[in-house]
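Read through the structures below before going on.
Each of the two complexes below includes subunit A, the first together with subunit B, the second together with subunit C.
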Partner chain A sequence: MAKITIDHRVIECSDGIPVLQAALDAGWDIPHYCYHPGLTVVASCRLCLMEMQLPHPKTGEMGWVPKLLPSCQTPVRDGMVVRFDSDLVRDNQKSCMEYFLIDHPLDCPVCDQAGECHLQDYSYKFGSAASRMADQKHTNPKKDIGPKTLLYSDRCVLCTRCVRFTEEVSGTHELCSVNRGSRQEIDVFPGMPLDNPIQGNVVDVCPVGSLLDKDFLFKQRVWFLDGTPSICPGCSAGCAIRVDQNEDVVYRLKPRFNPGVNDWWMCDEGRFGYKYVHDAKRIAAPVLRRGADATTPDWEAIPEIVSYRFAQHVAKHGDDKIAVVLSPMMACEEAWLLVKFIRGVAPSATIATGFVPTSGEAQHFPVGCKPDEAKFTILPEKCPNRRGVELITERAGGNTCDFDAFVKQAVGGAYSGAWIVGGYPDEWVPKDLTKATKHLKLLVMQDMFENTLTEAAAIVLPACAWVERDGSFMNHTGKIQPFERAVRVPQGARRDGQYLFEIAGHGGLYSGERVREMMAEEMSEFSEVGDAPPKPVHQH
Partner chain B sequence: MAWQTINRNEPVFDADAPPVLSEAVREKIRSFFPRYDTKRAALLPALHVVQDTLGHVSWKAMAEIAEVLDIHPSDVFDTMSFYTHFWNHPKGEKTITACRSITCELLGGREVLDAIKKHLGIDEHETTPDGKYSLVTEECLAGCDHSPCMLINEKLHKRVRAADVPALLAAADNDKIDIPRSTLFDAPQESQRAGSGSADGKTDDQVGTNVAE
Partner chain C sequence: MIRDEDIIIVETPELSAAERLYLPQIIGGMQTTFRHLFKKNITVQYPEQKRELRVENYRGVHRLNRDEQGRVACVACFMCQTACPAHCIHIVGEESPWPDREKYPKQFDIDELRCIYCGMCEEACPVDAIELTPEYNLVSRSRQEMIFDKEKLLEVHDRTVDVKPRKNPRITGYPGTGNRSNEQPPGDDH
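On to the complex of A and B.
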């Protein structure tokens, strides 16, 4: 640890980190564009310049250096004295802001970034109201630089964060900065567009409205969006994300800083993979079948119906003929509640872990790096909570099995009653399992889309998307991460957690935190999950 | 100009067409590798070699340089576009580079430039219809003590007068220099290293009179 003085205030920070980082962590709002903690330092934007004290070469007396120094490129040393609250620093910030805006088209009313733009914020806070630029501005057309991204060169401040991202994090090198001086701009080699599995991050690192997502373009003004901390369910990596919604419609997902898991990044698969949430084909109401007759019962009646059906079934066929399949799309809390219910009515019921969708192999970035040196990894397991569900299955004890064994036994007619949980965005039901439905006299299906199993089920319960639920996922390293509810469920549906909570015999409102407290009594892993997600290490 | 869009998704050259860099050119680029720690460091010499051979560095040539140096074509584009020396489109047989810097301007550089434009009937960054001359301006040619000056290809012409321009441009050998600059970019040969001075025994001063620095 080092002690340094910033603006007459002594702060403690780790040795060797940039002064800018130390100041940002301690709460200063230092303007900066090119600095990003996940990328190399280039000190090109000159906004974060500071004054520093150094010993006089002759007398050794400490004094302010006449020249401004970039705080992003100056490492912290113990005893260092710097200041940002001087006229010299403020004048520099003002001049820089004027310079950044020389060719800026000032098209904020039609710019997607408006509202979360650091040109706006810094101009307001550190710039001046008027520009002295009398000549005509340089203008250049926007560029379609890839299938998912647009580049508005006019708005660019040439911080080169995006170029460094493609060089250092994705390792794909698509972006480059071409020409020089006032003609410099960001570009790609024609015919080799920005198209890699994590390219969406260049939009996040862009501090201005230059790089924009085609997917989000002109969809929503950002000040209408509410962000909710969440965890991406796209693969078992468990990237921390923010769900931006307005009036229960999700408009975009953004990564949250999560050291050691996804750092600052997320993949495109996760970023754009939420579209199924608003699919009109989703099951939005419970269905109760008696022969060919299907009705939609009241939610209030569901706990009783389900308990009664299972109790009746156990009385008739014995409790070892019942199985429950826990989907890795479920939150830990939901899986635990379901296990509690099933073991309550049928103590020797079989608990099986659900189908684990996989696709391809792990993709490590930068491209071509060794797995242990990867800065970002997309995992092949396309579900968020396999380990959590396995843990709950294991702790449940008694009869347990994996999905393949369950399918085999079900086809063989080992079970007469089952509760199968799906909740996958894609088609998932294996053919064998469909064949097994003829043995299942009582089938409860909890799924998001219609499939052969929901058609055969006696009771169908809608499974909700993760943005509509709250709970926690355990990622592939065994880290349990909570996620919050971002939007309300579709009309007619109810959160999985809520109905499972009621079915398991609890009253009142379900909340992930409340269930985690109950779980913590038997599983110590869940005692500290409620911890707040880590604070972002810098503003943008 | 956000209402206009440049589409960068479409290739600008035919990838299946025969390569534009001959094996000899590639070999020459590779001969620079031992000089540097990394292959990508040979990018500038490679660009010079290609421009000297083909007259300009086309998109296809950039992609092929990238292939030889084992880097992404965008890295070549990045470096190449920084230098006005490198041309992306074909230029004329001879390139006239007029100085527009302050010393030349004060001593009649503008008149020389106007005379060239008038004589050739082209503007800056243009090529004559017969493909003989291309015209560009540059900030400084490092010949301020002999202003106004201009380059024809690599040959530096000093103290040019507007009246001399027609005769100068008509002369067939107006770009003849004793040591082509491109040879300076050759990988050093053992024989050259052993001897002192430059390849033909001239002193550095004499080289300077012939070669744009």
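On to the complex of A and C.
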């Protein structure tokens, strides 16, 4: 730890980090564009310049250096004295802002970044109200630099964060800065569009409205959006994300700082992979089938119907012919509640882990790096909670098996009753399992979309998307991360956690935290699940 | 939480004999009525007769202005929707089909029943595309009809543009930056 003095206040910070970082962590609002903690330092925007004390070369007396120094490029040393609250620093910030805004088109009303734009914020805080630019502004039409991203060079401040991102994190080198001086701009190489699996992050690192998502373009103004901390369910990496919604419609997902897991980044697959949430074909109401006629029972009646059916089945066929398939799309809490219910009615029921969708191989970034040196990884396992349901299955004890074994046994007619949980965004039912439905006299299906199993099921319960639920996922390294509910369930549906909570015999409202407390009594892993996700090092 | 010391108990005053008769009050009321019988009539037989609006900037039904080329002038910036205290404006923005503009409203709905006619939308609009007109006789047979869409709002413009021409905004911008006016910035003489 080092002690440094910023603006006459002594703060403690770790040795060797940039002074800018130390100041930001300690609560100073220092304007900066080019500095990003996840990228190398270039000190090109000159906004974060500070004054510093150094010994006089002749007398050795400590005094303020007459020139300004970049705080992002100056590492912290013990005993350092710097200041930002001087006229020299403020004048520099003001002049810098004036330069950044020389060619700015002032199209904030139609710019998607407005509201979360650092040109707006810094101009308001550190700039001046009027522009002195009298000449014609240099205009530059928007450019289509890739299938998912647009570049508005007009608005660019040339911080080169995006260029450094493609060089250092994605390792794909698509973006570059061309020309010099007032004609300098960001561009792609001819015939090489910005198209890599994590390119969406260039939009996030862009501090202004220069790089914009085509997917989100003109959809909403950002001040209408409410962000909820969540965990991406796209793969088993467990990236921390923020779900931005307005009036129960999800408009975009943004990464949240999560050190050691996804740091500042997320992949495009996760970023744009939420569209199924608003699919009109989703199952939105429970279905109860008796022979050929199907009815939609009241949610209040569901716990009783389900327990009665299972109790009746156990009385008739014995309790060892019942199986439960826990989907890796479920939260740990939901899986635990379901296990509690099944083991309550049928103590020797088989608990199986569900189908694990996989696709391709792990993709490490920067492209071509060794897996242990990767700055970001997309995993092939396309579900968030395989480790979690495995842990719960293991702790349940008794009869357990994996998905393949379950399918084999089910086809062989080993089970007469089953509760199968799906909840996958894509088609998932293996053909063999469809064949096994003829042996299943009682099939409870909990799924999001219609499939051959929901057609054969006696009771269909709607599974909700992760943005409508709350609970926790255990990622591939065994880290349990809580996520919160962002939007309400579709009309007629109910949160999985809520009906499982009621079916398992509890009263009142389900909350992930409440169930985690119950789980912690038997599973110590869940006693220390932090509810507050880590705070970002800095907001942008 | 209401505390006991905050409660003041007021006794109803006892009425005198004259007050209990109620006659003085009735006579007082009738006096006012008869006095008005001989005064000049101030009511208007609406809708046969219409009164002239006393103010020029009466805040009636909204309209969406057209630009010089007859296109909707709105740029779908959502400022009116943001400023609206009654949440009666619903816009769906889209990339504009015209080269000189970035964004335009694909859908623009105003719920005239929800609206409180405060004029904040007019104040907020950076291009003076939305304006309130002196039209006040807003009638319909259903609630659905009172949700004015883009076409209907443009129709209001066509109907009222002669009565109240568009303000023609002076957009503070600089020549050469997109669809800006060709005005020179203040103090620029060359």
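We take it that the second predicted complex is superposed on the first by the 538 of 540 C-alpha atoms of A that agree within 3 Å, B and C clash if a C-alpha of one lies under 4 Å from a C-alpha of the other, contacts with A are read in each partner's own complex, and residues count from 1 in each chain.
In the analysis below, a residue touches a chain if its C-beta (ideal position, glycine included) is under 8 Å from a C-beta of that chain, and two chains touch if they have at least 3 such contacts.
Keep in mind that this is a model prediction, so the values were computed, not measured.
*Asks:* Following the overlay on subunit A, give me a clash-or-fit verdict for subunit B and subunit C.
*Replies:* fit
*Asks:* In the overlay, answer first, second, both or neither for which of subunit B and subunit C A:A301 touches.
*Replies:* neither
*Asks:* With both complexes superposed on chain A, which partner does A:E174 reach: first (subunit B), second (subunit C), both or neither?
*Replies:* After superposition on chain A, A:E174 lies in contact with subunit B alone.
*Asks:* Who does A:P193 touch here: subunit B (first), subunit C (second), both, or neither?
*Replies:* first
*Asks:* When both complexes are superposed, which of subunit B and subunit C contacts more residues belonging to subunit A?
*Replies:* Of the two chains, more subunit A residues are contacted by B.
*Asks:* For the overlay on chain A, what angle lies at subunit A between subunit B and subunit C, C-alpha centres, nearest 10°?
*Replies:* So the angle at the centre of subunit A is 90 degrees.
*Asks:* Looking at the overlay, what does A:P147 touch: subunit B (first), subunit C (second), both, or neither?
*Replies:* In the superposition, A:P147 touches subunit B alone.
*Asks:* Looking at the overlay, what does A:T139 touch: subunit B (first), subunit C (second), both, or neither?
*Replies:* A:T139 sits against subunit B and subunit C alike.
*Asks:* Have a look at where A:R221 lands relative to subunit B and subunit C in the superposition and call it first, second, both or neither.
*Replies:* Touch status of A:R221: second partner only.
*Asks:* Name the contact category of A:P105: first (subunit B only), second (subunit C only), both, or neither.
*Replies:* both
*Asks:* With both complexes overlaid on chain A, does A:L509 touch subunit B (first), subunit C (second), both or neither?
*Replies:* A:L509 contacts neither subunit B nor subunit C.
*Asks:* In whole Å, what is the nearest CA distance you get between subunit B and subunit C after the fit?
*Replies:* In the combined three-chain model, subunit B comes within 5 Å of subunit C at the C-alpha level.
*Asks:* By the touch definition above, which subunit A residues appear in both interfaces, subunit B in one complex and subunit C in the other?
*Replies:* The answer is residues 105, 107, 110, 139 of subunit A.
*Asks:* Across the complex, what residues on subunit C touch subunit A?
*Replies:* 75-79, 82, 93-95, 102-103, 126-127, 172-178, 185, 187-188
*Asks:* Please output the residues of subunit A touching subunit B within their complex, sorted ascending.
*Replies:* Subunit A reaches subunit B through residues 105, 107, 110, 139-147, 150, 152, 154, 172-180, 187-193.
*Asks:* Where on subunit A does subunit C make contact in their complex?
*Replies:* Contact set of subunit A toward subunit C: 105-107, 109-110, 133-134, 136-137, 139, 217-219, 221, 223-224.
*Asks:* Can you list the residues on subunit B that touch subunit A in the complex?
*Replies:* Its residues touching subunit A are 1-2, 4-13, 59, 62-63, 71-78, 81-82.
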